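Dumping the structure here so I can ask a few things about it.
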Amino acid sequence: MAQIRVENLSKTYRVGVRDPGLGGALRGLFHRRYREIAALSGVSFSLERGELLGFIGPNGAGKSTTIKILSGILRPTSGRCDVDGLVPWQQRIAHVARIGVVFGQRTQLWWDLPIGESFSLLRDIYRVDPSQFARRKARLVDMLKISSLLDTPMRQLSLGQRMRCEIAAALLHAPSILFLDEPTIGLDAVSKLALRDFVKDLNRTDGVTVILTTHDMHDIEALAKRVIIIGNGKLLRDSSFESMRSDVLGERRLIVDFAGDSDDVAIAGASIRARDGRSVEYVFDPLRTAAHTLISRIAAAHDVVDIRVEDPKIEEVIARFYALHGAVES
Amino acid sequence: MNSLSLYFSFIRNCLRAQMLFPTAFLLRFGSQFIITITEFGGLYALFMRFHHIRGWTFPEIAMFYGVVSVAFALADTTCRGFDMFGPQFVKTGDFDRVLLRPRPATLQLMGFEFGFTSLGRVLQGGIALAIAIALLHIDWSLAKVFLVVWAMTGGFALFFGILLLQATLSFWTVESLEIVNTLTYGGIEAAQYPLDIYANWFRKFLTFVVPLGCVIYFPIATVLGRNDVAGVAPWLGAAAPLAGVAFLAVAFAAWRIGIGHYTSTGS
Amino acid sequence: MTALPYLAILRARFVLMLQYRAAAFAGFATQCWWGGIKIMVMAAFYASAARQPIDLAQVITYTWLGQGLLGLLPWQADAEVSEAVETGNVAYERLRPVDTHTLWLARAIAARAANTSLRVVPMFVAAAIVLPLIGLGAWRWRMPSSPQAGTLFAISISLTVLLSSAFTVLLNIAVTALKTRRAANLAPVLVSPLSGMIVPLVLMPVWLQPFLFWQPFAGLVDIPYRIYFANLTGMAALAGIAAQTLWIVLFVLAGRAWMARVMARVDMQGS
């Protein structure tokens, strides 16, 4: 039985429209116009306990809307949704007691309080049994390496430190589902890697279901076996990342640095994508020609200094996907 | 942890945070007190010139003033979360976080901030009341003391309701809810005087729409033994603060509607 | 140095203000309310007959003037400055190719002018025009008592704008020096009673009058309004204008001196 079930979820908004400039502002004083925006149209999917899902799409595609509906703070216009047997927006208090949410750009910790105090307050708010809390907190503090921060007020922390504390805070009450909304935004490279490792561990060891929204495709690559792509309010793809990649941009690239200048560098089974002096970039379909075949062919015909095989960057794959489906930023 | 303990937990944290900067805290408390005492002083200055206002003397006005000040100040102190609801929660989207916690929104908002510095106004109201009681020659009975406290309670409920309505309005427009100040600060200004000095339409407004008259004027007039001027029988004057509670109930209903609106339109 | 940047500031404020249409209506309603209550209370006081330094009609006009021109009063430091100080960006003010004190003064003047012109028109229409039309002429905002009173008032209220702005700049400097907008908290404590907004200064006890006349905040409300309905005429009016001018000069000089010291110590904050 799926833990999260979403059926035909739709959400439309009415937004006020104002003309620009002084004249428009004056007119706006007396008469307002509206337009309707379909943030979500008929999105359906389901999630089993313990899955780690990546949620991607251009800005304004409907990702945050879906997350808000799933967490219970937004009501859909139509459609059904249940999480662990509860309807999020109808049984709010029971539902939110079981989930943890981390917003990348906003904090849930108290600005002036030391982190440890914030944690204690959360324990009281979530009614966590004190001994269980102590154990859980010790474990999270250790895993996220924040023991030195417990006495520091939140406002004095750097972004990386803050994010680690945020995640700990979201997990103190042992939720069965964790929503991560742009968690790596603004973090430095080391923090990003640490965060990814932590989430992967958490999902694997504790079986916490994780829904991750992000623009950083490396997060997706590192964590999500399954991705759902939302564009223009519609669900465009629900599959493993690999299958999407091979469907959309399954080519591979071969970059060869030749020893000498040569006019004829054409190779059977690959076409030339770019050329820069002695460096040539080939593109080929791995399903028809294997990389090692090409490498042998090239090495046999020319003197070569270096060879690299690359997959197209994830951003390229995604951009291609968006382009194919007309999914634009709104 | 049950709701009441949680509330006190919030207050404790708030006090601790404010006490980190004791001089700033004292300055704010002090300036609150000075501002309100200055207003009271202005009132006294007017009486030095005019001696009475339609038959009501300074100590009697001081009593009205003290009761409404304390009632408002208590509401101001405990309901800061609602007072700052628009800019602090709706505009920033932080109300989402309130909804993501497994506790009633009202409890969280009341625990958001405890306006310790507004106790400056409570002190001032207390002083005004003390002066009034010292200068007046009232035959104090338990019933009369209770009535004064009951009037303050009704006043507290009324002002809480007003702040709740202001918070509810901010679901629709975050811009400038200063109009509600007409009812809070304007309410103190209006209710510190006996309502019979006002025009009929205004008196009716302050009795039936925003029942300031019911929570201050009628019960205190009863305590002062001026029921004939106030035009209400003593028992009615004693029951009148209920109107404040009723007002609060209506405000809560509107608040629930406001939350419904928020969850439908998002932030 | 052209006036262009300052005009741009003024225009930007207007557009900003017009966007807040709920604010526009709300502000107006609030002030009608306040004015109404104060007037009703004063009318009840005045019913007890004895002669006073100003009569009820003048108090009523005083009240409406106060509500209409509320935007002129310096309640707090400039919001932009408070913001800049709290985010640590205040040093950027020094990067602009204009003298900082003059810039802040101009900005304060622009804010006062924009704030007020928006508020005073509907207030005037309601209190000076509509009230007589609906038969409540006794409660109306009366015109200046005479052409001289009107002219002197125009001068005096212009000085009020300068005085208020100069004081606001002092608040800005205080906020910058103490690195928190709370430094300006004492402003309402001083402005409210001493300007005459709580009780017209002339109604305060007789022995306080000399002090009240010569303190800086009288020039914000009491002096110009009394000139308006000719409670201060001739030499007395000129004395009032002199008092305003004196305090403008003092505030500006003090401001410039203080600013030089404070700005030398201001630092930029990274994140």
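Every chain is named by a letter (A, B and C) in the order it is written, and numbering of its residues begins at 1.
The rule is short, and it goes like this: a contact is a pair of C-beta atoms (placed from the backbone, for glycine too) under 8 Å apart; a residue touches a chain by one contact, two chains touch by 3 or more.
Predicted, not measured: the structure shown is a model, and the values here were computed from it.
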Centroid comparison with subunit C (C-alpha atoms), farthest chain: A
Most centrally placed chain - per-chain CA mean versus overall CA mean: B
Chain centre separation in whole Å, for subunit C relative to subunit A (CA means): 53
Computed distance of Cα centres, subunit C from subunit B, in Å: 28
Euclidean distance of C-alpha centroids - subunit A vs subunit B, Å: 47
Subunit A residues within the subunit B interface of the complex: 13-14, 65, 68, 71-75, 89, 92-94, 96-97, 99, 101, 103, 106, 108, 110, 112-113, 117, 121, 124-127
In the complex with subunit B, residue positions of subunit C that touch it: 20, 22-23, 25-27, 29-30, 33-34, 36-38, 40-41, 44-48, 50, 52, 180, 182, 185-186, 188-189, 192-193, 198-199, 203-205
Subunit B - residues contacting subunit A, complex: 1, 5-6, 9-10, 13, 16-17, 20, 92-94, 96-97, 99-104, 263-266
Footprint of subunit C on subunit B - complex, ascending: 24, 27-28, 31, 34-35, 38-39, 41-42, 45-46, 48-54, 173, 175-179, 181-182, 186, 189-190, 193, 197-199, 202
